[in-house]
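Presented sequentially are two complexes of chain A, the first with chain B as partner and the second with chain C.
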Partner chain A sequence: MGFPETIHTGSGFWAPIFWIIAFIVAILISYVIRGFGRKDYKRGTEQVKPFLAGNIEERKEALHIRGDHAYWGFKEALRGFYEKSKKFHSGDTRDYILWFIIILVISFVLAEVV
Partner chain B sequence: MIEAIAKTILGTIGVAIFGIVVGLIYKGIDRKLAAHMQARVGPPIRQPFRDVVKLFMKESVVPENAIGWVFNLAPVIALTAGIIILMYIPIAGFPALLSTHGDLILVIYLLLIPSLAMVLGGFASASPYATIGAQREMVLMMSFEFPLAITIISIAWKLSRIPVSDPFSLSTITSYPIWNQVGPIGFIGCVLLLIVMLIVAPGELSKIPFDVPEAETEIAGGLLVEYSGRNLALFYLADAVKTIAIGSLIVAIFFPYNLSSILNLTGYLGKFADIAFYFLKLLAVIFFSVILVRVSVARLKIDQVVSTYWIPLTLLSLVGLVLMMLDIILVERGIPW
Partner chain C sequence: MDFLLEHSPPLIVAIPLFASFLTPVISRISSRARDGIALASISFSTFLSFLLAQDVYKNGIKVYTFGASVPSLTRPAEIPVRIIFEVDGLSVFMVIISLVIALLAVIYSTAFTRKEREGADRYYTLLLLMVVGMVGMEMTGDMFNFFVFLEITSIASTALIAFWIVRAESLEASFKYIIISSVGALFVLLAIAFLYGEYDLLNIGALADAMRYTFIDKVALVLLLSALAMKSGIAPMHMWLPDAYGEAPPSVTFALIAATQASFYGIIRVCYTLYSSMFNHVVIGSLLIALALVSIIVGVTMSIVQSSLTRSIAYIGVAEIGYMLLAIGTGLIVKTENYGIVALKGGIFHIFNDALDLGLLFLCAGAVILSTGERSFDRLGGLARNMKYTSILFLIGLLAVSGMPPMNGFASKLLIYESTYRLNPILAIVAILGSILILAVLAKIFYSVFLGPELPHLKDAKEAPTAMLVAMFLVAGIIIFFSLFPGYVIDKLVVPAVDAMKDPTAYINAIMGGG
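Here is the complex of A and B:
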């Protein structure tokens, strides 16, 4: 096995060793640039409180946002799709088997046609 | 081997300087053109350089509840990833420095890293605004990936039928301009895919109308709300470099033509013409996909962002893909169109 080995996926390729070298150099450059900036700030003052637009800071637990909110945009944008999908999820195994058979038949018919 | 490593090290330094300097100049041009379109004088083109210097002179505050090391690391990773992306993309008529060490699929993955770094920084800020911004950034990333992937695959698939080796390689894509490989039906498909890419670009860069993760008037800067000083400066630089990377990627995929080959120019004159032409193409791409769009429309709501990318744009890219497939079938079967 040669060094550095380029990984071929059939269509794509990637040589991780060169990526790592470039990454190390680039991260050093970024740190050097960051080093030009001012390092100090006033610890333990009002300055380090989170910005809440003048609102009183609540307990940390009360400020947490639920994980499923990450997908809120999707659920809102594709609401019609989700509402229709929910109806298919009846919880009855016989319904799921029926769907499985229907999809299987369609797949076989399509495979035969193609 | 040693020569290749030395080339990579020096190349990274060169590309970093190029990306940062040109990125800031284009940011200046962006602000100037946007100001003129809004009947304002606008800041001078060198203003972004001044902004960076000013940010370096400011305190870099770390909020008391923040996870300090992640908070400080995120902007460094964002800038680093921006520089790395540029290493794989042809710039100014020259082949990419790492063109033989990675392809377009890798570039698509790398494009996610600056956004992921911003998400990490947002979550590490321990601020409700930043958390909401980070969540929005994640939704935005998942939204534009699908039409972007379809666009890239459509073009690579068409090239694979020529046939060429490594159709996903950017060297191959620039050597075989897609417009020269298609018939009229494929040409229409290419136009649709270009439109998709031009609309994906502002999403990748979190620019209006897709700037929901920052949304200053709504969530006070979102995932950047707690950032200041040198950390904010690094995010600013990362945005500048990523703008050049996205613009250069669109130029490489859709407009890889060089003036030197069109006008039969050789030597330094040819190189100069290619470099000047590249900057012109880059400006045109950034103008139409970022500047013009951001002064023309308002910010979309998060659900509108998702539906825009997942429904009309995905359908548009799929129509582009189908037209490319049809083009291939017609060409391979020798059917005149």
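Here is the complex of A and C:
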């Protein structure tokens, strides 16, 4: 027996209600910790401006990291894999059909047809 | 009400079919009336599907024989030669998914067609025909009928993918889709011809009963599985999917997810009913698991390098299909074990979750494209200021798709992780890594589209129209309900579907013993 929302996985269970309670408790703890923060912080003053070693801050839109640049390191580290993957995704419909035929052949072998 | 219930299987198909041909006529009089008819027809079919589901859960499989004096009479001439709809727990589960998704897609479309007036009359005809096709595929008990409905879905989908006919990319995606669909359908037809030539039968239940797993049957099995896997977008035959999902209007992509799942339903029906205990489960199950792992890996890794919003989400769709297939393959290998059942529950639950979660992301992407006219990440940013609701809805979809607790995606993926871990821990590790990467990709999308400073060329971006927001909030509402009450959803919807998969004899007896 359990809450109506509980699911059993065979070796454990999942009840969102417990997660939500834990989440609320975590939020409350965070709020309490926030209360210990500095009280002299003032919005809209010099305080909130970033200090870039004395350099002038760039325009905000120039600082936005565009989606294409995100995970640059990940893509660079896997460059070899991506070069092959992109070749494999040629956009040519004949290649699409070729992969279908390859899977068909593998399946024929596995199903002991040939 | 009894009349409606008795004739609900054909009515669920016939009502949108009738409405599909009515909408272009009504469209000449009033576009609002056209939208209303589309909405009313799908709403009524959805209502009937819930009525049918209640009946199936209470009284077992519902059989409807076309042309018989009594619809439940399946064998007027000793063999089931007539067209028969056979609805069990699995069929009705899929029908509910298709119609709920279609209903939400139509609500979203009412705003979309107001913006895109050109071709709006034909749009509803095609969208409703697509619904007819996929619901027919899920209810029919006849292999040839399955092929016919598959073709209806494919042709309607092709035309809808090319809706933005002025975009060369849309036409190209549509062209690729029709080639892939035609090849897939041709192989399905060939398999059906082999089975018909051998047994003189087309009825799925009767074929399952007569199946001897001869050489011809093995050939038909491979043809059916490969063709339906391609139509489901399973890697490495997935390449059409990002093209089609990425270029179709968002409401169409939403419905396309359900159409793809109808082909996935075909795989389940072939494995668990048509061939039930005939083939080597370990070999076929392992093949499905191998394809699932490839789908997860290819889907998430390719999603990272996309620069288009919709294509990036589409690749995540490839990975999500991998999760379902992983569960179905695991369920095949360990049919009798308890964790095999857990895998099936996870896989079946994930079908619904995938349609909702991924669908919500596409609907949000559609709102962004409609508002800004931009698809590329490089041209997007800071939209949370102008599109508050869309950004919150996208965040809900993001958390759900990546399987973050307490979302519904987590509940179904947890069942998949735990059951696949029992089969082989490496499977669970790949699945969890895949989910982490999905979260990373979607976090990138969320950041680059909605966060950051306001971009000068997007200053005038406006929130999505009300009808679009209503559809998106309804999807999010269902997601939250599924997230908070996963046990309820599994008990009421998923378990009957899994029971139907476990016991193919009930499906066979409903036909062969129903005379």
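For the reader, a short list of remarks on this structure follows.
Keep in mind that, in the parts below, the second predicted complex is superposed on the first by the 93 of 114 C-alpha atoms of A that agree within 3 Å, B and C clash if a C-alpha of one lies under 4 Å from a C-alpha of the other, contacts with A are read in each partner's own complex, and residues count from 1 in each chain.
Going forward, contacts are C-beta pairs under 8 Å (C-beta built on N, C-alpha and C of every residue); 3 or more make two chains touch, one makes a residue touch a chain.
All of these numbers come straight from a predicted model, not from anything done at the bench.
In the superposition on chain A, A:His89 makes contact with chain C only, not with chain B.
In the superposition on chain A, contact is made by A:Ile103 with chain C only, not with chain B. Of the two partner chains, chain C is the only one touched by A:Gly10; chain B is not.
Once the two complexes are laid over each other on the shared chain, residue contacts for A:Val113 go to chain C alone; chain B is not touched.
In the superposition on chain A, chain A positions 3-4, 6, 9, 11-12, 14-15, 19, 23, 60, 63, 65, 70-71, 74, 78 are in contact with chain B in one complex as well as with chain C in the other.
Contacts from chain A toward chain B in the complex involve residues 3-4, 6, 9, 11-15, 18-19, 21-23, 25-27, 29-31, 33-34, 36-42, 47-53, 60, 63, 65, 69-74, 76-78. The part of chain A that touches chain C in the complex is made up of residues 2-7, 9-12, 14-17, 19-20, 23, 60-61, 63-68, 70-71, 74-75, 78, 81-82, 85-86, 88-89, 91, 93, 95-97, 99-100, 102-104, 106-108, 110-113. Listing the residues of chain B that touch chain A in their complex gives 1, 4-5, 8-9, 11-13, 16, 20, 55-65, 75-77, 79-80, 83-84, 87, 98, 100-106, 125-129, 131-132, 135-136, 138-139, 142-143, 156, 160, 166-169, 220, 225-226, 229-231, 233-234, 237, 302-307, 310. Those residues of chain C that touch chain A in the shared complex are 175-176, 179-180, 183-184, 187, 215, 218-219, 221-223, 225-227, 229-230, 236-237, 239-240, 243, 279-280, 283-284, 286-287, 291, 298, 301-302, 304-305, 307, 338-339, 342, 376-378, 380-382, 405-406, 410-411, 414-415, 418-419, 422, 440, 444-445, 447-449, 452-456, 483-488, 490.
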